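Two complexes are shown next, each including subunit A; its partner changes from subunit B in the first to subunit C in the second.
Up next is the complex of A and B:
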């Protein structure tokens, strides 16, 4: 059984976090809440999303997996205004997800989850940690997009730095310790990332909210932030670009 | 054609994603032949542009390769050079078969038997110089590298795998295993659904991975013995011995150790020793080149559109999304795989 009532913004948030990576996702539903893990087709990025039952206005569920087409869900959710309440209900007999927005009802066919494998989390060596205000990162990324398709992230003992270099232009955003919410680094660490992917990862976070970054040398990055008024959490992993050239 | 080693090698079903970030050396003649054979209309007519010019190869290279790069695979195509003299006979026979298929095709078409027509038509395709030139021109515009082999493309692809320059060879034929490729991927450029021959039914075709080591160990043989087995079965360079299928050939070589010793025990089989020596060296020391670079470059969208849409009337609405996959893949080609960690 699964019946839940939730603010439309929360569902939109899930779509915003997940849809840059995959078109369909397997939602794991339990009495405690819902979670999903998705990896993009090129195996470059992974998202882990958790939403506690406390994020919902009403929530009743037993254990199940729902294979949801995110394009379909996104399509219907576009019709919901901010603040609208959305009811989600699993119709076991027809194997459909019923989405109700006011008097609008969409009965949505589900995807067989048998073909959707569970990915393991790769082993990571990420000694450096910085907690940065999302707004600062948004600015750095937007400036970088104009000059290159990749950027480097650097953390040392005193600062966090974002750097992008194009053919003629460079962009640099250096945040010293006092402009960071937290900084822990036993040395210098640097990895290179695709701006497209990185941008999609941090986009859903509101400017004033914190983003936690864990970084290593030529290693994937781990990005963590809360969603749904801290009733949910997102962890992103992004594989680095190859250095040189 | 290649040697039918399918029964001797375990096959591991895979998905494109399993090869994300990997360099795969693809046997260009093999896949282009496949495109010409398969990418056809219902009555067996190949895809053609307004002036009647065949375009099945361009369609295949564009769309199938775009699916590979979308999954993060780094393809490099390997083209055949001039064939070895021993292959001439095989080639002459193939030509004869094609001429017969061509006649059957016309007959079936005239009789209105579309299923037979399509099946026969798929056997008539020929790799002309024009098709090869156009294929290379398209790859160049797409930024996908290709290597010109001195002789057999499969030998060169296998050599690149041995050198560690490619992760696996990609071909429908099993010959890459004889040429010493440690990994061979089949069905890489097939569509996911394939029609069963002669039936109105489809099967899902998944890429499959074959490991040379695993096959040799499973059968308890060396690569040299595998080549001997291939010679009994028949290769591109000889006809094979009548009555010797994969199982019987394996048993015979295992029992006697080598082809020479086996022939001593079976005087009724004639196989000239020079022929054996030549075929062995074709597989074990084939002509290959170290003169190649594997580098992906940015696709040239205006050139791609010119070749496909202006010269051959492809619909721009269909080409653009495929082209976008190549443009996106630019990142991917320089991008590491999360599961490498």
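Up next is the complex of A and C:
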């Protein structure tokens, strides 16, 4: 069983976080809330999303899985304005999700979740941690997009640094400790990432909100932030590029 | 991969100093050099064999069938039949699927016989009742050679016309009247033609799945035979070729993406008209790139002393803009997906073309489609790692591997981008 009432922005947020990686996702529903985990077709990035029942206006559920076509859901959510309340209800007999927006009722066929594997979370040793304001990262990434398709992230004892290098141009964004919300690093750490992927991961976060970054050497990055007024949480993992160009 | 010969070093050195090569990007279509006629094209005109010009304004012959829809001045364009001064079964003249065994000279020779009639019409005016328009359309739908008689306003002019994406043809003239006898429609095409609610995309897909040749579909597409009635129009030949290649390729790709990934790295090779084709299939999700390297003195690098390399690519989610390198990108993508569909497998594909000086003239994207198709029918070499496959590929090419990798987004992605499971 699953019946929930929620602000449309929260659903839109879930779509924004998930759809850059996958077109379909398996939502795990429990009485405590919903969660999903998905890996993109290239196996380069993973998203792990959790939304507590407190994020909803109303929430009643027992354990189940919903296989959702995100493009379709995104199309439906375009019918809702900001602030609209949306009711989601699982129709067991027809295996459909009933989406109610005001007086509009949209019944959406679900995808069989049997073919959707559970992804394993890699075990990572990421010693460096920095908490950065999203706005700073947005700026650095936007500048980097113009010069290269990859950037390096560096954390040492005193600062966080983003660096991108093209054939002729470079971008450098250095944030010393006092411009960071938090910094812990036992030494120097550096990994290289695709700008496309990294950009999609930080895009959903509002400029004034914090993003937590965990970094190692030539290791995946872990990006964490809260959603739905701290009633939800997103973790992204992104595999690095290795240098040799 | 590590070994670089002296010869390769010189090439690399030259390339670093290379100035941008406009010709490779323009290919006679965009006039990037600022001249009002493409000097490369003009060179081919002047070199082409001097044939006795048609000394008449009346011509009868068996159209393969063949039609030509021009693109200049769109939507006010010229359409018309192409007719050779010969009788009998001329089908081969307009069936690129049959041309690979022929030499460039032979192809140019039989294509140059085709006399093109030009009749002004608005692209949207597919229902125009003028006989020239009606019969041109009937030729476009026909499956056999059709006897056609044309009356021109002037004596057909010119010797042979070359295009980048379109097959060459012979002299042309404004046409005032046309008569044809007994066209036999291709049934599958005819059915789609009379279905005025069927979308063009669905029409060409179903005809293709029934086994109709791409060149036939493209010909009918250009005379506005498909689509919902009010949306039908004449499509310039050049555009119709890419529209069909692109649409069919994308449709096959939808299925390709659901198939299991191949188990090994594969390398296919074929040399056609002094173009060395290497197709690398990788055991990854779909990603695709076509890289073309033009030696000095080849078609699209006529003046340079340096090799010029161009590429376009897409990753799993596809592209949103037209490929920089043009219609050949879509022709090769179709050919690749034909193989993958047949095997019901998914793979990444990097197609590398090293064009050597024996490739002297533009003959159309059919050459790309058919060469890649042919290469993919050949036996392939299997490798366990990308590195091994690349070392093998180097054996086919004069240009050092580093140069190919430097140009290639897909190879760089495969070599340098790690996956999450590498860390489990």
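To be clear about the criterion, the second predicted complex is superposed on the first by the 245 of 245 C-alpha atoms of A that agree within 3 Å, B and C clash if a C-alpha of one lies under 4 Å from a C-alpha of the other, contacts with A are read in each partner's own complex, and residues count from 1 in each chain.
As a working rule, a residue touches a chain if its C-beta (ideal position, glycine included) is under 8 Å from a C-beta of that chain, and two chains touch if they have at least 3 such contacts.
Computed from a predicted structure; not experimentally measured.
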Fit or clash - subunit C, subunit B, common subunit A:
clash
Tell me which partner A:220 touches in the superposition: subunit B (first), subunit C (second), both or neither.
both
Applying the touch criterion given at the start, work out whether A:73 contacts subunit B, subunit C, both or neither, answering first, second, both or neither.
neither
Under the stated touch criterion, which partner chain does A:41 make contact with: subunit B (first), subunit C (second), both, or neither?
both
For A:239, using the defined touch cut-off, is the partner it touches subunit B, subunit C, both, or neither? Pick first, second, both or neither.
both
Taking the options 117-125, 171-179, 225-233 or 261-269, which segment of subunit C carries the C-alpha atoms that clash with subunit B in the overlay?
261-269
Identify the residues of subunit A that lie in both the subunit B contact region and the subunit C contact region.
39, 41-46, 122-124, 149, 194, 219-220, 237, 239-242, 245
Residues of subunit A touching subunit C in their complex?
39-46, 120, 122-124, 149, 194, 219-220, 237, 239-245
Looking at the complex, which residues from subunit B come into contact with subunit A?
16-17, 20-21, 70-72, 330-332, 334-341
Contacting residues of subunit C [partner subunit A, same complex]
257, 284-287, 315-316, 406, 409, 412, 415-424
Going by the contact rule set out above, which residues of subunit A touch subunit B in the complex?
39, 41-46, 119, 122-124, 149-150, 194, 196, 219-220, 237-242, 245
